[in-house]
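Shared chain: chain A. Partners: chain B in the first complex, chain C in the second.
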Partner chain A sequence: MSSATAETKVARPARPRRHRWEMLRAPEGVIGLVLLTFTVAVAVIGPIVAPHPLAQPVGPPGEPPGHGFPLGTDYLGRDVLSRVLYGGWPILWLSAVITLFTYVIGVLIGMVAALGRRLTDSVLMRFVDLLLAFPPLLLVLVLIASAGSSSTILIISIVLVLFPGLARIVRSATLEVSTAGYIEAAFARGERAPAVMWHEILPNIGPVILADLGVRFSFAIALVAGVNFLGLGESPPSANWALMVAENNVVITSNVWGVLAPAVMLMVLTVSINLLGDAYVRNRSKAR
Partner chain B sequence: MSVPEEQVGVQQLDPKLDVKPAAAGRRLHPLLDFVLRRLAIGLVTLVAASAVIFWATNALPGDVAQATLGRNANPKALASMRHELHLEEPLLTRYVDWLGGAVHGELGNPASTITQGVGPSVAELIGPALRNTLWLALITFALLVPLTVLLATISALRVGRPADYAISYSSLLLGSLPEFVLGTILILIFFTQLNLLPPLVLPTGNPLDDPEQLVLPVLTLLGVSLSFAVRQLRVGVIHALNQEYVTMARLGGIREYRVLWRYALRNSLAPAIQSFAQTALYLFGGTVIVEALYSYPGIGRELVQAVGSRDISTVQGITLVLTSAYILINIVADLAVVLVVPRLRTGGESR
Partner chain C sequence: MKGVGEIASPRQDLSLSVAGLTVGVRNGPAIIEDVSMELLPSEIVGVVGESGSGKTTLGLSLLGYCRPGAEVRSGTLELGGVRVAMDGSMRTLRGRAIAYVPQDPGQALNPALRIRAAIEDIVRAHRERSAGLPEISTLLEAVNLPSSAEFSRRFPHQISGGQKQRVSIAMALSCHPGVVVLDEPTTGLDVETQSRILDELLRLRAEYRIAMIYVTHDLAVVGKIADRIAVMYAGRIVEQGPTAALLSRPRHPYTRGLLLSIPDHRRPRRLEPMRGIAVSVGEWPKGCPFAPRCPQATSECEQSVPPSTPVTSGHEVRCFRWESTPPVSDDARAGSWISPDTESEVVLEVRHLRAEHRGRGTTVVAAADISFQIRRGECLALVGESGSGKTTIARAIAGLHADVSGEILLAGSSLTPEARRRSVAERRRIQLVVQNPKDALNPRHTVRQSIARPIRVLRDRSTLSNGVDGEIDSLLERVRLPQRIANSYPDELSGGETQRVAIARALAADPELMICDEITSALDVSVQAAVLRLLRELQTDFGLSLLFITHNLGLVATIADDLLVLEDGVICERGVTSSVLGNPQHQYTKRLIAAAPSVDDSMADRI
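So, the complex of A and B:
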């Protein structure tokens, strides 16, 4: 073999042959998927099928189930079932948007830091370190205190909390991959950095990033729900599961469902995501 | 570091924990050198963080006075508040003043004190609240540490068997619940159904005078943090149990509890310290939510109230105190890890 042919044959690592949905063979994966589908269905279809308006009192406050209200009424006499059906969407879309931005920013910063010059790397990473020096919820609360509460502020502040950890993971995964021959080969072919990142690095650090998705998505939900529970998110009369848990605490003895139903929905949502995430990680470590 | 990690039984140590061998001619002991450098980094981080806090709470449209007093505030009150807060001075001057005051324990006055002319300062407000929160955290931790070690060890000794699955999955489920959901479920069980425990901490007096009130807040914090800590430590113990020295000790006929205690657990100390430190950091957010849920008179509840009423000086003060504590825990954990791992302590030199 001549050295010329050897040079052109710097192969990318073979993609794992395992089926992408292999993780669903584990019972936890199936349970997670079923629960997640259920919750998302409630959040998406709920507002369409809700029998009563979300803000209008339809009976006496704190009424137990019955009289046409399957889950009773809340502290202002509004239908709990309808509000549960309305209350998933605000939490779900906010958390999804936050996770999306977190990934775009985190992956970009991580890769640029790993591939860039030493100065770029240390500036980006010191910024990441600084953000990580704050207790997570605190950063969100400070920004809400100064700029008022709105979806935009919530998205910006929670992305600022979530992306630094991801950027670190992406940076070290990229550093690990970038010593491999096919990256050097791509640069030697004259490919530009964005193309190398997109075509060579991203597919190869994909599994590492995906393993983190469950944790980060459920953290986003926990922060969105936490802020709403504290009464610093959406303002009444809008309905979301976390706000409902907080506001119906006063009628907890007369109608448990005002608190229990939204709490259970939040529980199902976070548990399903964690089960799926765990199934993915376990399947990946088994595949190795 | 020439020693392969597997031989030392320490895994996933942060690279910043490397104590560099003393350079030729340098007088400082490598350990002292490390401690000083770590403290310096912590101080720089804290100053940078304080700048971010101050800037973030001042860089908004409108000003602090307007935000606190509301849109319909009378001009006289606005003017006196702007004067009180030195809002006519440049941002940098105010930041330096604020930070200088903070070093001396002065954090300014909350909005209510400024508008009414009398009342506690931010520092006086934070003091008792911080003490209450510390008690809550300490009690939780005193229960958390032994329980975590016990559960993680059982889980690690029974990897892949029913006991491990039971512990791993219940902590996965428990750990995925938001704090207030777990707390609400506990209230539903212990107050609404069983009527055993109070769902609220009474605002009067010291919460420690009535330990019954503390049970549910502590149980909630324990629930979320225990699952987090167990999952972390379990990995560390499994790793230590798979080391050759454990196999050798077992083959040598050393009794199992001794193997466990002297070999496996002692070598899991570094990952254990790290997981408990991470749990403590993780609890910062949890405490805020738990305090709000049970109206526990701690610093988290003060913070939420201040954010709700947009009382900027209180928010700044509490955030600065909590961020300092957060950074301090990070430093203490790093130092503790270096102290318990001989390889790190000697700076990699063989003695």
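So, the complex of A and C:
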């Protein structure tokens, strides 16, 4: 049997596997990570270090920067800097929770549709198509208007807008993988569909759906911000960046920072996530 | 370039010679090195090599083309005695002096172009406008295709694989080239179609006096068609010479190893796998690239690359010790792995199996009235061309095809069609290994994870003396893989290693029957020989029964005790392998056997 064992005697240099975090070496990756860390730090630590209370007027309304207010005051005379420091957290946790649920539901429905019977597939996908047919913001607004404004309703309605697209991506990725020999082998040894999804399919469609994470997360932020901007999210006096943009419109001529500062923070958050997403996708296509 | 105009006009009787050709990756390793060969007018030279040997790169570079990232480093090319530059300027010669038939006709033809348009495109690109368009019908007739206008209006997906290959050949001939480079033109075609295409090429050569370079991995095919053969290994031609001389008395140990690895249905034999695996581009050792695998290597071989040495006129070999290469004696080739018939208990019995594919509104019968038995330790081969229903039968037995009627009995008790309704013990006892090893393993699981899964799902873990990890180690040993491979991912393994892992995964279930669906067709012959040998050991040492599905009669003769021949889903002939192959009764079997290429045959023809 020496002949067969020797197959491995000939030295073959091991191909280095690309490291998962290699994406962070690309410029997009580094910049995205720095910006995201900054935004998250502002949102998390901000409320602790804020110099002034959230809801109490501390000066005249619409004051420009100066006089102990680095970013001036808002339309009610509250400190803009403090409110920016307070206003990141609500946006961030809502978007994160929404993205999480979107992924759980979207991935599950996509895989079940791909692996299920033709009837299951049709029913699920027609439901998905139905949701896709509505303009996103309109659907959210209709749901909030009819069910009332609360965090739960906001989360449910935005997840309903976001998951259909993901479910479609997951379904087609799963279909592509599902004819592979290793999936057949799993079914042949009698594994149940949930086990096959978890062990065999998910690791293989993971990269495809992760590449989508950036887009979907920033879409979640945009929708959360949009709803708040339109006044259907949190009610004043609480602070969040989108709400601040809306309410400080009236003093934009006297203190532009009341609008600009929260808007810039929203932009930085979205851009950082998209940069990280791009770095991930580029790293993956290079690895091929 | 001077002289190009001379050969640019359509003419035949061209010769080609290339000397010192080196092609490499830009700023990287060489892909082929110091290749010199000659092609006389209307001669056919076969270029043979395993995957990664550089044979396709050689074929393309003869047309002055390198794949993106590669470049010609040195070498001279003469066409009809005129020196031509091997770069983009050869574009004027492509098609009319030297033409190319690509490997996969399914991909080579633009699916959006009708056949007529595809051929006309070539002609417009390569012939003077004044010459006008050729008679498409004459051209189609020349390659034995229907010359009707209706046929030339078809799209590629409306014709068969063999017809697509003929269209590719017609396209290559459309500008009357003197030399045609054919890259694996019959790989992926059925043996009968292959045999017809080979006859076609011989006829075209005689009729139009075209010289051909036939690039392939299959020694038996070039044995049939080529006047001379060049064997490539690690980017160099290690041996070249007249077909008969090279096949009957190979002088390079690699050529000899290849010959001993090829299963032949004319003469069943124990295969002798070469040790080691082929070196890939960028990993060539300093000396002779074959030295690490060579049984007769000396320290000299590891120091320097052997030069081309003449054996007789026209027969050259790159080996310092070619004189001591033993002949391929009948002794080495004789004998068979197949053991005499023994009466052991029946493991699997199939009775009147009928399998259907249901589409929207249509039902296709993939297999009908299939009945057979497999005994313990026996190997039964299921032979047929593509579309004969052999894979459907395999899937039905494995419980992956639900539209079946008839009975599948495992050790006497009936199995339900669906795997998930079978008991754990039933699923454990039947295991399936599929054709493409890369596809068979989950790319995101390590070898250890892949093998562990069936142990966890199907085995009673209390019976494992050394636990799951100990069992994985002993399985890897059984398929002759080193333990360190356990933590590798499939993309880090070679094709042969991957297929061994797939076999180990099937063995992990401790099966009684292993269904092997074309498991060697994606492998190089030398790797195939090693896998076959492994299967044979499993069969004799562990009493494993095999259902061996293949289209390759050579494999059948090598490993199968009994044989079923399948035509359009129906068994047309069955019996003991040697008697069916030696004395076929059914027309279809006779045709298959006549069409199957055989090295022995081609030597017999020439002596």
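In this section, the second predicted complex is superposed on the first by the 272 of 288 C-alpha atoms of A that agree within 3 Å, B and C clash if a C-alpha of one lies under 4 Å from a C-alpha of the other, contacts with A are read in each partner's own complex, and residues count from 1 in each chain.
Note that a residue touches a chain if its C-beta (ideal position, glycine included) is under 8 Å from a C-beta of that chain, and two chains touch if they have at least 3 such contacts.
As the structure is a prediction and not an experimental result, all values here were calculated from the model.
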{"item": "Touching partner for A:F134 - first (chain B), second (chain C), both, neither", "value": "first"}
{"item": "Contacts of A:S146 with chain B and chain C, given as first, second, both or neither", "value": "first"}
{"item": "Which partner, chain B or chain C, touches more chain A residues", "value": "B"}
{"item": "Touching partner for A:Y182 - first (chain B), second (chain C), both, neither", "value": "second"}
{"item": "First (chain B), second (chain C), both or neither touched by A:N204", "value": "second"}
{"item": "Of chain C, residues touching chain A in the complex", "value": "272-277, 279-280, 283, 292-293, 395, 398-400, 419-420, 422, 424, 427-428, 431-432, 434-436, 439-445, 450, 453-454, 457-458, 480-482, 485, 489, 491-492, 496-497, 502, 505, 509, 530, 533-534, 537"}
{"item": "Touch list for chain A against partner chain B, complex", "value": "28, 129-130, 133-138, 141-148, 218, 221-223, 225-226, 229-232, 242, 245-246, 249, 252-253, 256, 259-260, 263, 266-267, 270-271, 273-275, 278"}
{"item": "Chain B residues touching chain A - in the complex, by the definition given at the top", "value": "45-46, 48-49, 52-53, 56-60, 67, 169, 172-173, 175-181, 184-185, 187-188, 191-192, 199, 281, 284-285, 288-289, 292-293, 303-304, 306-308, 310-312, 315, 319, 322-323, 326-327, 330"}
{"item": "For the chain A and chain C complex, residues of the former touching the latter", "value": "1-10, 12-15, 17, 180-182, 184-192, 199-200, 203-204, 206"}
